[in-house]
Amino acid sequence: MIKVGIVGGTGYTGVELLRLLSQHPKVELAAITSRAEAGTAVADMFPSLRGRVDLSFTDPAQAPLKDCHVVFFATPNGVAMQQAGALLEAGVRVIDLAADFRIQDVAVWEKWYGMTHAAPELVAEAVYGLPEINRERIKSARLVANPGCYPTAVQLGFLPLIEAGCVDVDALIADAKSGVSGAGRKAETHILFAEASDNFKAYAVPGHRHWPEIRQGLTLLAGKPVGLTFVPHLTPMIRGIHATLYARITREEDFQALFEQRFASEPFVDVLPPKSHPDTRSVRAANVCRIAVHRPQEGNTLVILSVIDNLVKGAAGQAIQNMNLMFGFEECLGLSQLPVLP
Amino acid sequence: MIKVGIVGGTGYTGVELLRLLSQHPKVELAAITSRAEAGTAVADMFPSLRGRVDLSFTDPAQAPLKDCHVVFFATPNGVAMQQAGALLEAGVRVIDLAADFRIQDVAVWEKWYGMTHAAPELVAEAVYGLPEINRERIKSARLVANPGCYPTAVQLGFLPLIEAGCVDVDALIADAKSGVSGAGRKAETHILFAEASDNFKAYAVPGHRHWPEIRQGLTLLAGKPVGLTFVPHLTPMIRGIHATLYARITREEDFQALFEQRFASEPFVDVLPPKSHPDTRSVRAANVCRIAVHRPQEGNTLVILSVIDNLVKGAAGQAIQNMNLMFGFEECLGLSQLPVLP
Amino acid sequence: MIKVGIVGGTGYTGVELLRLLSQHPKVELAAITSRAEAGTAVADMFPSLRGRVDLSFTDPAQAPLKDCHVVFFATPNGVAMQQAGALLEAGVRVIDLAADFRIQDVAVWEKWYGMTHAAPELVAEAVYGLPEINRERIKSARLVANPGCYPTAVQLGFLPLIEAGCVDVDALIADAKSGVSGAGRKAETHILFAEASDNFKAYAVPGHRHWPEIRQGLTLLAGKPVGLTFVPHLTPMIRGIHATLYARITREEDFQALFEQRFASEPFVDVLPPKSHPDTRSVRAANVCRIAVHRPQEGNTLVILSVIDNLVKGAAGQAIQNMNLMFGFEECLGLSQLPVLP
Amino acid sequence: MIKVGIVGGTGYTGVELLRLLSQHPKVELAAITSRAEAGTAVADMFPSLRGRVDLSFTDPAQAPLKDCHVVFFATPNGVAMQQAGALLEAGVRVIDLAADFRIQDVAVWEKWYGMTHAAPELVAEAVYGLPEINRERIKSARLVANPGCYPTAVQLGFLPLIEAGCVDVDALIADAKSGVSGAGRKAETHILFAEASDNFKAYAVPGHRHWPEIRQGLTLLAGKPVGLTFVPHLTPMIRGIHATLYARITREEDFQALFEQRFASEPFVDVLPPKSHPDTRSVRAANVCRIAVHRPQEGNTLVILSVIDNLVKGAAGQAIQNMNLMFGFEECLGLSQLPVLP
């Protein structure tokens, strides 16, 4: 058993961490913090946890975080970078579900996130927590930067093609669609039910913060800077990301076999048979990425479909997968819930 | 470990049984039948089960159902009554998720279901599978009639009041709202997305088949015929039932305490604090009924709010709860998944 | 042509007024105010109005409201009572879509709305704008209190029964379900898409502000205080109210004929044939109330189903219907759009 | 006034034609046919039309279609080609909302639609009813092939770029998302509410029938065969198409100005200001296409966002726009309803 703390548990990644961690056989939930909700029982805010999670939110200043083996930050961007250093010094390992440690180039991070980085020295140490790429480094990491939701779906979908060097990395296109929980549990007008329901739109086409994150990951895979057009869209569903990826073929391959082989031993990536169309509900509430490979009309453009639950494989589930790796647990421990369909 | 068979696994209660049974530690899924889909891998029809359920649908004639310890019928009404007898004779226990054995008065059943009953002798033997009322009888039952979804939510909500004899049982009102999965996985126009989304309506106000089932249960509790008005509504959500119950007070009580005491030892009924409003998502995908007790403006009308997931506590989950009782397993075994919120 | 002003046009009733008034053949939109959005073009906030509404929001202090023939208040409660007096003195007629002038008993209003009334003298003058009851008084009114959305659906449904004196007015029950736009265009967590979608719940069961409003109206009809239990629910749809009404019969009638006769000459109330179930989409975006009359199992409880679009017959449409009456226009002018289905 | 007939009025394009035509000042609805529903009052099937449309469905054999000035076919593919000839001979003009006359190359049509064409001689005569390209030819057409929904959104979005010759037409990508009404009012499992709600997926990636239609249109514009990758997706909303289009720049232009100038005089195409993100609800229930032009990160890929209501500008509205042109009416007549938002 390890002691686990959560900083900032009132958002959707927070409550999803609680759902998954409270069912994890090796975890003791030791503390969950929220300045605004200090003293409130977690189960009063999230009745789905009644009878199963007894914790109350604690003020961050009082929470016994340094007694934990690992602390998850489910906070807005800019919080973990303030607090991670002290925890690491105290021997606590840290998994940040926000973006503070995802971008290695601090100047790029500061430009896209609009603030000065408080702990640039930790950025270099942080391991980008995509196990399908960085599994070994994650095992020994003190500090893991959990990937964003779009970056998880997009990078897993492009991964085999770029590793194999068989597509034109100068003109990659990622057309991604997200459920509304991806925007967080914030009181903002544009994500009200009466605004976002029965409606569909693109957003942030001029530039989204996940663009440099995805581009960094693909550039590392390609060994040279990639050209990426990334268009996110808001879809009237609660959970789920569907990434539709386009790449031009530069060398013939058996692309279906390429994907199947690359992910054959991955516990949480499922390559579907040819001509499949994964739907987001096939991964709802589960830590899985399902991928289908298409080559329409035998042309020279590949179409890759990649779906995840943005709150699980795109956030809390992947964070726990990283925790399992860091503490030598079986990688699937506590993550074997089946998707909820319908 | 017990061997379990499912007859008719292509509907929503079927796939929900598969989701829950495949994660149950004492269950070996031995067979699942579908005439129409014989030979199809279950996971091809329901990709959410890929990698976790290896079975294919079998033609009912070929399926090794008589080798099972228990067989679930997730079939349309009128199927289980044809087949249950032979299975029982072979020593197999049967849980019917349809309505064939729910109504003790065969003439009433035949009137509401529009067919002649094929096994009236089994009706008398069948135990109505609402554990909160019939736990002991279920333990030894060979044949369990699993309650309908509306009847579960409505009976649990009225139960403490009628047992205590403190409301007027001549004028009970149950205004119930169901998600669309309650209508089944049938290709019918009125439950198409473009018909049922962004829309709300009552249906079957002149008479719904769950009315005699609820009335039978409440009449047994009251010890005399009850007067019940039952109005079901179709709500644009996938899962969930919300029953809003109205009863006139005939004797003063501490109604909150009455409910809390009645359900204090029930593992799957959760009485909320005063002034609560349970939402259906607080039980989504979980085997729980949450109940709140209100007395608006201190008048003489009680308002009880009762929510369940129609596919879990209203169908597959309750069926497994019954199975656990029948085979001496811990009642909660395989049913401890937390609700999925958001 | 009359000049029309709108105070507070950034909410859902405001944009619905704009949609309907900009298509009204006798209306010139002269001003729309918003302190927060002063200077913003209306069509920049609501792109649905691009090319059709050229106005910009004006600061209330600068808006030429006194030059208007009529001003609509689409403001939060408590605003119209501050400003209506000066407009009325200037000869401008006023229609308040909020609650400031709906309740004749100022003490009751102050209790439910939690503020001191700023213009109690105007309350007595205000005419409650339900044309099916007050048509003649509305025609000559200077100040109209436009009814709430729930009160419109519930009062129209009970109206014929109470006027005829054939039901028990001591035990009326109104179980009402509203789309989420009824909660307004406010940045609040509980009406976020990820909270309100795929979910259903009751709210304000201990007491909702529309309860005294409905009760006042029904009491006037009955000629004595009525007993009313009112339970509102939040439904995952954008627009629409479905009221399910329960009343015990005290005198036999041909109830279907009673409703048909009462509403025979009403342009915006449609009594459906026996055994009908109106759905909310059958009135979506239109100024209609559709009603069905049921008597389940020939018992002594009537069930009335009443549906409206909360933003049209429940707000902006009814306000324009009142305007038409006040200015001697044909009552249907500008209100003949057909419902949008699907 | 012209007499109008509708063949096949029980689907979504049929009821949308009814909604719009019954409000058109120059139209008398003379007949609507349905074999299955002959004798049923239209308003019994679609209560939204109660009191406004008095017609009943007629058997096609009895309907006075030859007395009409124009007949709309809102039928499945393959019906209009059987019946259009006789109507044209009788002097009736025909607008087909299905695909029978959209593809000029009969062999291509037969391959994609899986049937032999019954009237290839009419294909050559038919005018493709996209007014923004073919306005003059439509005016004098006897037979109009109304474009598909996806083809309308995609062609209007690519139109200025291809006409100007400033993008690489060998590698066009159209990632399109449709509401579920686009699949028609057919009782099919995959478009049930409980399947399509809270879910997102691509479909027909190997090949969709709108691909050859779009490709034909773009090829005509380009003057040479274009390379097009087209991926449609199913979105959990009722109405709306959002096309996200990708094109590589081959010659610098002021792309925003290019779009604004091309559509300056188009009554139903609205080019939004730079950096806009049109949402589908901004055109809900209205005959408008809204377009935004983006060039992310000043790279060499243009991103065009194009939204329509699939049932209006993508079907019934565009058909009436064509009718207006054919009969010399003002092009906007009967099509000026504002979008319904929220």
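Going in written order, the chains are labelled A, B, C and D, and every chain counts its residues from 1.
Heads up, the rule we're going with is that a contact is a pair of C-beta atoms (placed from the backbone, for glycine too) under 8 Å apart; a residue touches a chain by one contact, two chains touch by 3 or more.
Note that the structure is a prediction, hence the values are computed from the model and not measured.
Chains that count as touching both chain A and chain B, per the definition above, are C, D.
Chain pairs A-D and A-C differ in how many C-beta pairs they share in contact, with the greater number at A-D. If each chain is reduced to the centroid of its CA atoms, chain A and chain C end up 45 Å from each other. Averaged Cα coordinates give chain A a centre that lies 39 Å from the centre of chain D.
In chain C, the residues that touch at least two other chains are 12, 179, 181, 185, 194-195, 197-198, 236-239, 278-279, 281, 284, 342.
By the touch criterion stated above, chain B contacts chain C in their complex at residues 171, 173, 175, 177, 179, 194-195, 197-203, 205-207, 211, 227, 229-231, 233, 235-240, 242, 244, 246, 248, 275, 277-281, 284, 292, 294, 296-297, 299, 301, 303, 305, 307, 342.
Per the touch definition, chain D reaches chain C in the complex via residues 12, 15, 19, 22-23, 46-52, 181, 185, 197-198, 238-239, 270, 272, 276, 278-279, 281-286, 290, 336-342. On the side of chain D, the complex with chain B involves touching residues 12, 179-181, 183, 185-189, 191-198, 236-238.
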